[in-house]
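Below are the structure tokens for one structure; questions will follow.
Lettered A, B, C, D, E and F in written order, each chain numbered from 1.
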Amino acid sequence: MSNPPIVSLVQYEDASDEVRAVYDDIMAVRQTDWVNNFWKVLAHDPAHLKRTWEALKDVMGPGALDPLTKELIYIAVSATNGCEYCTYSHTASARAKGMTDAMLMEVLSVAGKANETNRLANALRPPVDIQFQPQD
Amino acid sequence: MSNPPIVSLVQYEDASDEVRAVYDDIMAVRQTDWVNNFWKVLAHDPAHLKRTWEALKDVMGPGALDPLTKELIYIAVSATNGCEYCTYSHTASARAKGMTDAMLMEVLSVAGKANETNRLANALRPPVDIQFQPQD
Amino acid sequence: MSNPPIVSLVQYEDASDEVRAVYDDIMAVRQTDWVNNFWKVLAHDPAHLKRTWEALKDVMGPGALDPLTKELIYIAVSATNGCEYCTYSHTASARAKGMTDAMLMEVLSVAGKANETNRLANALRPPVDIQFQPQD
Amino acid sequence: MSNPPIVSLVQYEDASDEVRAVYDDIMAVRQTDWVNNFWKVLAHDPAHLKRTWEALKDVMGPGALDPLTKELIYIAVSATNGCEYCTYSHTASARAKGMTDAMLMEVLSVAGKANETNRLANALRPPVDIQFQPQD
Amino acid sequence: MSNPPIVSLVQYEDASDEVRAVYDDIMAVRQTDWVNNFWKVLAHDPAHLKRTWEALKDVMGPGALDPLTKELIYIAVSATNGCEYCTYSHTASARAKGMTDAMLMEVLSVAGKANETNRLANALRPPVDIQFQPQD
Amino acid sequence: MSNPPIVSLVQYEDASDEVRAVYDDIMAVRQTDWVNNFWKVLAHDPAHLKRTWEALKDVMGPGALDPLTKELIYIAVSATNGCEYCTYSHTASARAKGMTDAMLMEVLSVAGKANETNRLANALRPPVDIQFQPQD
């Protein structure tokens, strides 16, 4: 059996108005009728909950990159950091936005290679090539 | 002044035939007339050099994801791991494939948020929602 | 010589009104007449600049914890992640808020031990004691 | 069901005199009648057990920083590294020393922001400002 | 209960010929009649499966270092990164190659110290001594 | 030009008796007439200096593993964490103990692969095989 969360889950029916407003916005933006557990633990600090949700909504929406590409980046970083919850939640989000298994496997091939070559470079310390240095 | 590399740079003119064959392929695939320093330190182990280059060539080419998306993922992972060399080399590669500054800044917004929320989830340990669990 | 930054520094005189407003607020809150380079690279994405500054201003201000304690936590995390810039900037901030060398050395003793014992636990996988599990 | 520990738990009744002496000191210092599982796996190397406990006792005691502040730093580092056991054990220790939920949430806001901005700095490589450089 | 894997396990009886060929080689090299779950999830990308297995077979075989030393290094890195699956699989592999509990505990003492002193150096930024710099 | 260290280097001639005793022991054990910069920054906390040196002396000496193997593990972890100073110092130590370039390159092949497969396992979450689980 998994260990219980470090702080209790703040359920909608027990939440303050401030927290409910965030939960309502999460469900409206995502067009779902439920809120996932990440937000229910963050809700112990309503200002933190609101700030994190507002920022994530801005960052993960369409811009110079499309939302699916952003989910793929999220998966790669979460794998690098070994965050179990985030791996499940962002894989599910990416699938909902159209990620196929083939795309997932390619994300992980790239993330795996980056994790490997990052360490080769960190250990061998090649100088940064002049051709790679940004020009004014 | 930077510290020197941990092992010397194996220059083309001093390289074995086995190493030169890899250098030649790197330049042919990339359509350049130079080889970057990462490969010149790896060349101390020719089999490792060849294996890493062959794998990277496969992984970073077109597939279910396009090569630019793959470079963006590489940047996000390299930032997460703090690899200085990789940050410079993959930012340069991504720019050569069409990455704008706006795209770079969005990659980093996403990578930054992932690094932040990964730690919130790791510290608060919410259970993985049943809705996020893969179904057979 | 250090490598140049990945994107240019946006100086006050070249900044848009939106960026200048953030720079002005940074200087007002900190009671200084200069803005540090971290913000000058982030300024390539004015919305990201503003969001990050607003969040940091909120998070690092007084609350259940005092601002100096928060800087000490920032130093410990930055050391764990190996961020050179952050190590310099947050050590300077902490000193400005009263951190002595003795306090710095104790932060690092704790951060060092945490980094050590985190890996012992990750490698040996002791079950979480029932006494450590949160109760409803 | 969780996976079993990598090495067995060395229980008090099965422990050598050398290990028992450490267990006794742990219980005396903490004024408890039990020893947590982290020490019971480390006990497979009695010298390592003793060295780690002695160092931790010194480091986590009062000094230029108070013991509660030290536990908060431990939580921030453990969240950064994703150590599940350490998250549970040090959250419990911090609570026993007076940490409120509001304090925990603020620690995590700071640790989250540090993890985010560390990567922004690592990716954009702003030069360290002259004002942040230590003076002789 | 553990969360299910992110992608299903590709069992031998359901595998393509390409995947079966890799599974057969894994069992032949290891002289076992089963394939562990890591390969069964990777099998969703047969080229990735084959590339990873071929590389690992080369890297982990005898060379300038013996296979047991290589498993010890794998354990140290897996502990540093907090990979649960890898900790179990490589501890088991190392034991099969002769690792005793005393050896395991020493690997972890070293890995623990490295994780600690890495952060002390990253936080205090001593210049690299001239004596440690590689000479041409 | 590199940034200066965060705290000044405590030189032998300016050191307290307590610090000098550690410096003397470092030189005696290593049979050298100089002390490297890592210890000179740690010396701002003499108890921390002494504790770290004593522990490192114990951990890195001969035991179930030989000192060279321990240096190889240190290099692998330092590469994983991206510690520049530690990479230089422990590569130099390992070379002094007999590490060849071929051995260094193999350590990094293994460390690279571990960093890659750790992320594949963390992202795909295969269940730990029953055969890998320790038996009582």
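Observations
Note that contacts are C-beta pairs under 8 Å (C-beta built on N, C-alpha and C of every residue); 3 or more make two chains touch, one makes a residue touch a chain.
The structure presented is a predicted model; accordingly, all values stated were derived computationally and were not measured.
Between chain B and chain F, the least number of touching-chain steps is 1.
When chain D is laid over chain E using CA atoms, the rotation angle comes to 120 degrees (nearest 5).
Comparing chain pairs A-F and B-E by the number of C-beta pairs in contact, the larger count belongs to A-F. One of A-F, B-F or D-F repeats the interface of B-C: more than half of the contact pairs, counted by residue number, are shared by B-F.
Two copies of one chain, chain A and chain D, form a contact in which under half of the residue numbers belong to both partners. The distance from the centre of chain E to the centre of chain F, with each centre set as the mean of the Cα atoms, comes to 20 Å. Note: centroid distance chain B to chain D, computed from Cα atoms, is 33 Å.
Distance between chain A and chain E, defined via averaged C-alpha coordinates, is recorded as 26 Å.
Across the assembly, chain D contributes 1-7, 52, 55, 78, 80-84, 87-88, 91, 102, 105-106, 108-109, 111-113, 115-120, 122-125, 128, 133-134 as residues in contact with two or more other chains. Across the complex, chain C is touched by residues 1-2, 82, 84, 87-88, 91, 101-102, 104-106, 108-109, 112 of chain B. Chain contact summary for the complex, chain B toward chain D: residues 75, 78-80, 82, 84, 87-88, 91, 108, 111-113, 115-120, 122-125. Touching chain F in their complex are the following residues of chain D: 3-8, 47, 51, 55, 58, 128, 133-134, 136. Residues of chain B that touch chain A in their complex: 2-7, 9, 34, 36-38, 40-42, 52, 55-56, 59-60, 63-65, 69-70, 72-74, 76-78, 80-81, 83-86, 88-92, 100, 102-103, 105-107, 109-111, 113-129, 131-134.
Listed in rising order, the residues of chain A touching chain D in the complex are 1-3, 6-7, 44-45, 48, 52, 81-83.
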